[in-house]
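Below you will find the structure I want to go over with you.
Letters are used for the chains, namely A, B, C and D, taken in the order the chains are written, and counting of residues starts over at 1 for each.
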Amino acid sequence: MSLEISVVALGLIVLLADLWLPAERKRMLGYSAAAALLLLFLNTFTSHCSCSLAEGPDNMTSAGMFIQDGLAVFFKRFFLLAAVLVLVMAVEFSDRIGAGVSEYYSLIVFALAGMLFAASANDFVMLFAAIELITITFYVLTSFQRGRVRSLEAGVKYLILGALSSAFMVYGIALIWGTTGKFNFQELAQVAGKFAANRVFLFGVVFFLVGLGFKIAAFPFQMWTPDVYEGAPTPTTAFLAVGSKATGFVLLLRFLFTAIPDVAMHWNKLLIIVSGITILYGNLCALPQRNLKRILGYSSIAHAGYVLLGVAALTTAGESAVLYYLAGYLFTVLAAFAVIALVMRHLNSEDLAGLAGLNQRSPLLAATLTLAMVSLAGIPPLAGFFGKFLLLKAVIEQGPANHGYYCLAFTALAGVIISLYYYFGVIRAIYWSKETPDLSPIEISKPMKMAVCFCMAGMFYLGLFPGALINYAAQVVKSLK
Amino acid sequence: MNVGLEHYLVVSALLFALGLLGVITRRNLIVMYMSLELMLNSANLALVSFSRFNDNLNGQVMVFFIITVAAAEVAVGLALIVALYRKRQSAHVEDLTSMKL
Amino acid sequence: MKLEALPWILLFLPLCAAGIITLFTLRSQKLSAGLSIGAIVSGFVLAIALIKSGGWEAREFSLNWLSIGNLNVDFGLRLDALSLMMLLIVTGVGSVIHIYSYGYMHEDEGFSRFFACLSLFTFSMLGIVLANNFLQLFIFWELVGVSSYLLIGFWFDKASAADASKKAFLTNRIGDFGFMLGILTVFAVVGSLNFAVIQEQFKANPALMGGSATLAGLLIFCGAMGKSAQFPLHVWLPDAMEGPTPVSALIHAATMVAAGVYMLCRVVFLFTPEALTVISWIGGFTALLAALIAVQQNDIKRILAYSTLSQLGYMVMAVGLGGAGAAMFHLTTHAFFKALLFLGAGSVIHAMHHEQDIWKMGALRKKMPVTFWTFLVGTLALCGVPPFSGFYSKDAILAQAWHAHNYPLFVIAVSVAVLTAFYMFRLFFVVWVGDVRSAEAGHAHESPGVMIWPLRALVVLALFGGVLGINEIFAAQFSAAEHAEASEHGLTLLQRIAEPFTNAPVAAGIGIIATLIGFLTARGLYATAKSDPLTSKLGWMSRAMANRFYFDEIYEATVIRIHDLAGTISNWIDSWIIEGLCIGVVRGGTDLTGRALRLVQTGNLQTYAFLFVLGVAVVLWLTLGK
Amino acid sequence: MTTLTLIFALPLLAAVLLAFIPRNFAVVMRLVALVTTFITMLLAVKMFWNFDCAAADNDGYKFVATIPWLGSHALGIVCRLGVDGLNVGLVLMGAIVAFAAACCSAEIKSREKEFYILLLVMTGGILGAFASLDLFFFYFFHELALVPTFIMIGVWGRGEKRNFAAFQITLYLSIGALLTLVGLIDLYLQVPAEIRTFDIPSLTRFFVEHPMALASQSFIFPLLLFGFGVLVSLWPFHSWAPLGYGSAPTATAMLHAGVLKKFGLYGLLRVVIPFMPQSAQHWMPILAWLSLGNILYVGWVAMKQKNLNLLIGNSSVAHMGMIFLGIATLNLVGVTGAVVIMIAHGFLAALTFGLSGYIHSQTGTLEMSELGGLAKKMRFVGVAFVMAAMAGCGLPGFLNFVGEATVFFGAWARPGLRLVTVLAVWGALIVGAVYMLRAVRATLHGPLPEKWGRLPDAVLWRKLPYAVLLASLFLFGFAPKLLTDKIKPVTQQIVDMANAQEIATQAATVPSPVTGVSTNGTKPAPGGVKESGK
């Protein structure tokens, strides 16, 4: 747990350091926090860290509430990396936040702490605490630009719907615990089979899943996504899209495959339907959209659907595909939001027209955004393609057993085709459009440049050299069973 | 009449439903938020009654977590609503539709 | 040099010339012409050398060109009497015309291009002649088509020339369509494309093809119909006169159009009696039709073109009647005198500054004496006046019809002979005799020597072509198929001169009488005419003849219109059904669905909360509602 | 680095190199692109020259090379490259066309950097796809061209509809590609989990020994057939092609129509037909009839076009029909012919689009009503265009004729396809000639409008690409054995696999071959032929 403690401590340090630092040095604060997180991230790869896989499955603390298995470590690295990049982005964004920049940084670090706890949660109590830590922090992060009505509006929408989903989740936990008497996932797994026909228990399970569905923005709990994505400050949106969504997925995986595997096995129909509709909904709604952040909001719904393909497959291949896909999604989405944060700096709304002439203003950013869109669309040689390939493979593999999976695969394909239209619309806006662009070059700070290049490198790495991560993911998901 | 677990659960479910109804019918953000708190508390009631009837204190531990979290949520939420009210002089959901479609 | 190399050199020399001209010497007229003429003249020399060295024996040289599974295609050269004789004609007449072109095309800016195309044509024609298998024949067949396309459209900036070249190519293609199918049919049964192999197989088993034999024969005949301009694919030839006159002489009189007849003779063993009947009737009909049309044409080259058509019909009819030797004989003499006539016409046109209407000429006899005399010889040969070459070959065909007891066709042939004499002397009287009818005719003068000498050379051939024993060489070639003339090898000159009268005196006599009738009628009508007296006498008939019996219009209304319609319909379907309906509906439908769906995102929290709860209800129903 | 690795990696490396050259060095970019493609072409020629059919190792593949750090060994995805008779010609053709396309890119006057990067990515991608011995990378490399095509049409394209064209071509091709992807994944899943691989030779061996279940075949086959079909513009999924090519800049159209389109056909031959013989037997007659849609229907559509590029685009679609017909014959002659046309059409499409691109760059229009008589002013271009048109209507001397004639012979050997063949011959000989000659007549022949009185002919170095392409067409057209001898052994193998079941059942049920011309055209034994005649 040393990692989590360090992260919380870092958050506190950032808060405290704010008191002494002069305003013009606050930039450094964000970079320092990012650097510290980067060190922590690198530290997870050293053998004497608590994250090391070698410690085995019996590495549980706090009476089994906290588990440090491969899956947890995978996602912790994921969250740390995301936080580093988001912090760099936040520094770049700081001039638009106004007062309390340091709090913004520290809140990001606290949200990260929540995610780290969630990755290790092995118990409903831990899970609830971790999720609420994330959610409440995000209420603040979303509405941080107090001067902008949109930011506040997004915050309120997230607040009300988030609280609603929390209520469902809590009620679900209550029902599950009430029928089984177990909070711990492993213990629950042993008895869950007996309750497979118990309606109260199933009610509870569904309610709990509603809460997770809200986090990952799956249909029919996706309503908040475009509005919140649009209104929130861009770094928040990025963190929401990557961190919060991934949290939802790690919990979903853990809940479905560790806590109630016997029940989950019968739920493929529900998962197939939810996944399919989520994909179609996200992609179809994005079609007429002109606001870039809203496009990414809808696309994030669609991507939740894609990742659900892997969950719906209910196999280890599917699970490892989920991990792979999320890893690719991390680089891709962060790259996209980084570009948006930089390009749309002086614009009030993120209309596509703002991208006009980007190709001349900054070839690097143009290339990055193009590659991000290409990766989101799932075209080689980028991460998104290989992720989709693995997901499709996992789903089709189940096809002979249940033809619904074939239908799901084709639904996903239809979604990809539809998505090409708006992703390529973005590319079009970058390279050719009717709007007369202002051709002032865009200045990018060194760390931001590095972050952007890192994201690009990540997309290429995962698209071209998938071997290492595939093996890693395959090994990680073994800890689920 | 012997009051059993079912009775508590029904009350809890009714509370939950009531809260839900409040969320989807009331227009005022503060009232909606209160209804949400009601829903959280219905969960608390369920947990406590399960705990009592199943003779397992773990549930009550969970209730404490929920209460704490709810308090934090209310603190943040109300601050947020107030900030919005200052900006727009309204706490009605109809006025919160600058972002749509 | 090894003997095997000779035919290869012969074949590829013109191609090399064409290539070198195109790539390097387009700017130098002299060099281009020299290369082209050199190639064909050496071809002629080589052809003679081949005959000298190997006689008329059949022999083959071949390389494997393509071999996939059972499809084995050789690139082979077959030398036998048929091909060697044809080689002589192509290179011989070709040489003369090449030289003539040097004078005729002198002022043209596309001079070098012209010779490149001529050499390409020579190459293709030699390829047809030498081919030893069907596919190779087809290859050169197509190449001939394209070089004819290039030459007809030589003055491509003239719309009529460009259109004519297109028409010629497409009409030929229709014939090739049948030809290709015929080749496929034969190959499917026989499993080989080589003429010798196929012939052997047929010899061994005449019923080899079974029911498809007639069909295959007729399909192959389609190819000949296209190239030799037989009815109903004859329409391109008159239009092809848009090309320069030497081209008309070389391609559309002497060689290319003869390729169809040559091909029929090459594969004559394939045809069943039924197929031969069809062939003979189509030939006869074409001959009559074209002769009738020729009567009312006023363009000097078009008259000659229809005359060519008519004579080709004669040859095809002869093949159909079983007289391949006679057909080839007539082909040979026709090449001589028709080339002569065309070159003479070219000389006239040259002198008239490209005026081709015969009614604007007149009394040219005195202005251009050499051309006049040579033209007269050509006319006499074409009309079949003894002892000119045409008489012998035409008589061979008439005799063939007589011997075959096919009297309807014999009557047709005789009437064609009448008509031929009539329209040729009509042309003769109007152009050479009578009064001067235009300023150009008044200023006309004799062509330069480079154009005159080829005429003189051809006169010799047109005069004596009939008695050189050509028919015997062909007869030997086809002796396997026709036993009739096998024994007549080695006749003396005198015997040859008298041969028509000894062989079929009735036919010869009737032929001479027919010519006489034609001549007298023409003289009566045209010796002093200022304008055509027939136009008013024949009425609608004349109009129909002048309008070529409306064949172009019929094609316009049928084949072209149908394709046009198919194109329009397809295009309509493409842009409205496939592009508009299918793609448009999918595209628009998706877009609309998207627009409709996102109406759900009202931005109102209440709606969101409501839908959220509704979603929960649906999920509950899905999982528990069983 | 073997030759083959270099061939596909050089363009990609050059693209990376270009990314680091400042954008105002346009000449340098152009030079890099030209030199790279030229070296690639030389390497491809060298490889083609050294290709020895006899040397049998690596399942008949030569120049085999593995790039170990790409892909994932755990999933059986290994980047292995190699050529056999089937793709050695395609790689050669691709490399030559790429060089020609780079030459023809002189018309690009803005944003050269991006253009050449995209062009090189496209080139490397498609060469990689052809050279790949791994189904995954086969697909992967092909998809590299998708985004470049989109951007190139959008930024440097022409015409008012280029926006629509760019999206249409992208979406359409993606539909095809994704259907293919599903099919390929399912194919891969047919192999037991322990030995799963995308390696084509291993899969071939596996499916020879363990024929695929019929149920799987009947699901995967149509997926792949129509997936690849869309990529090749199989009727009625063709409408993306003419518009897309008509709107694309010259080099893109050349590469796409010439090289990229062959990907689907290559896939059909390499994967679909040999792995799923029963389905192939079932579907091929249907494919033959669909091919008529290309040959006749699209040919008619081409006749009615008013824009030269749309006409050429439609003609290119029509030519695909001949290849489909060849494949549908499922016999050695027909399939070999199909491969020959694939290569021939690559050269031809590049040539026609290159020439029309030159005309466009000089006149600024391709509306045929505005053109005419250009042969007067552009001698070389005119001659080359006439040659291209003639090659397009199957004139002997050009490679196209060899392919088309061979396909006809192959198709005729299948009695069931006789009617299709008759119509196809009509389409190839007549309809093809009609629209090709129409194009020549409308653009080159006829009187020269005054406004084109000062048009320049191509200068020497701009003639180069056309000369190279024409020379290739002529060389192979004169000596088709250079190609067919290499192709034959492979197509024989494909055909044998496709007909394995038929032969087996025939041998089992009918002891003596009395059925006459056997449906498989591998070797219609002369004995069988003669008996049918009696």
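In this section, a contact is a pair of C-beta atoms (placed from the backbone, for glycine too) under 8 Å apart; a residue touches a chain by one contact, two chains touch by 3 or more.
Remember, predicted model here, so these are calculated numbers, not experimental data.
Visitor: By that same contact rule, can you tell me which chains touch subunit A and subunit D alike?
Guide: Touches both subunit A and subunit D: C.
Visitor: Using mean CA coordinates as chain centres, what's the gap between subunit B and subunit C in Å?
Guide: Spacing between the chain centres: roughly 96 Å.
Visitor: How many angstrom lie between the centres of subunit A and subunit B, each centre taken as the mean Cα position?
Guide: Centres of subunit A and subunit B (C-alpha means) sit 26 Å apart.
Visitor: List the centre-to-centre spacing of subunit A and subunit C in whole Å, with centres computed as mean CA coordinates.
Guide: Roughly 77 Å separates the two chain centres.
Visitor: Indicate the whole-number Å distance between the mean C-alpha point of subunit C and the mean C-alpha point of subunit D.
Guide: That pair's centroid distance is 36 Å.
Visitor: Mind pulling the subunit D residues that touch 2 or more other chains?
Guide: none
Visitor: Return the residues of subunit B touching two or more other chains; collapse runs of consecutive numbers into ranges.
Guide: Within subunit B, the residues that touch at least two other chains are 23, 29, 32, 96, 98-101.
Visitor: Please set out, as single numbers or ranges, the residues of subunit A touching at least two other chains.
Guide: 156-157, 160, 164, 168, 226-227, 289
Visitor: Among the chains present, which pairs are found to touch?
Guide: A-B, A-C, A-D, B-C, C-D
Visitor: Which residues of subunit A touch subunit D in the complex?
Guide: On the subunit A side, the touching residues are 359, 363, 367, 370, 374, 379-381, 385, 389, 392-393, 396-397, 399, 409-410, 413, 416-417, 420-421, 424, 427-428, 431-432, 464-467, 470-471, 474.
Visitor: What residues of subunit C sit close enough to touch subunit D in their complex?
Guide: The touching residues are 22, 26, 64-71, 135, 138-140, 142-143, 146, 150, 153, 156-159, 162-163, 165-166, 169-170, 173-174, 176-177, 180-181, 184-185, 187-189, 191, 205, 207-210, 563-564, 566-571, 573-574, 578-579, 582-583.
Visitor: Please name which positions on subunit C make contact with subunit B in the complex.
Guide: It is residues 598-599, 601-606, 609-610, 613 of subunit C that touch subunit B.
Visitor: Along subunit B, where are the residues that touch subunit C in the complex?
Guide: Per the stated touch rule, the residues are 20, 23-25, 27, 29, 32, 93-94, 96-101.
Visitor: Taking the touch rule as given, give the residues of subunit D at its contact with subunit C in the complex, in rising order.
Guide: For this pair, the touching residues of subunit D are 168, 236, 239, 297-298, 300-301, 303-305, 331-333, 336-337, 373, 375-376, 379, 383, 386, 390, 393, 395-397, 401-402, 405-406, 408-410, 412-413, 421-422, 425-426, 429-431, 433-434, 437-438, 441, 444-448, 480-481, 484-485, 488, 492, 517, 521-524, 526, 529, 533.
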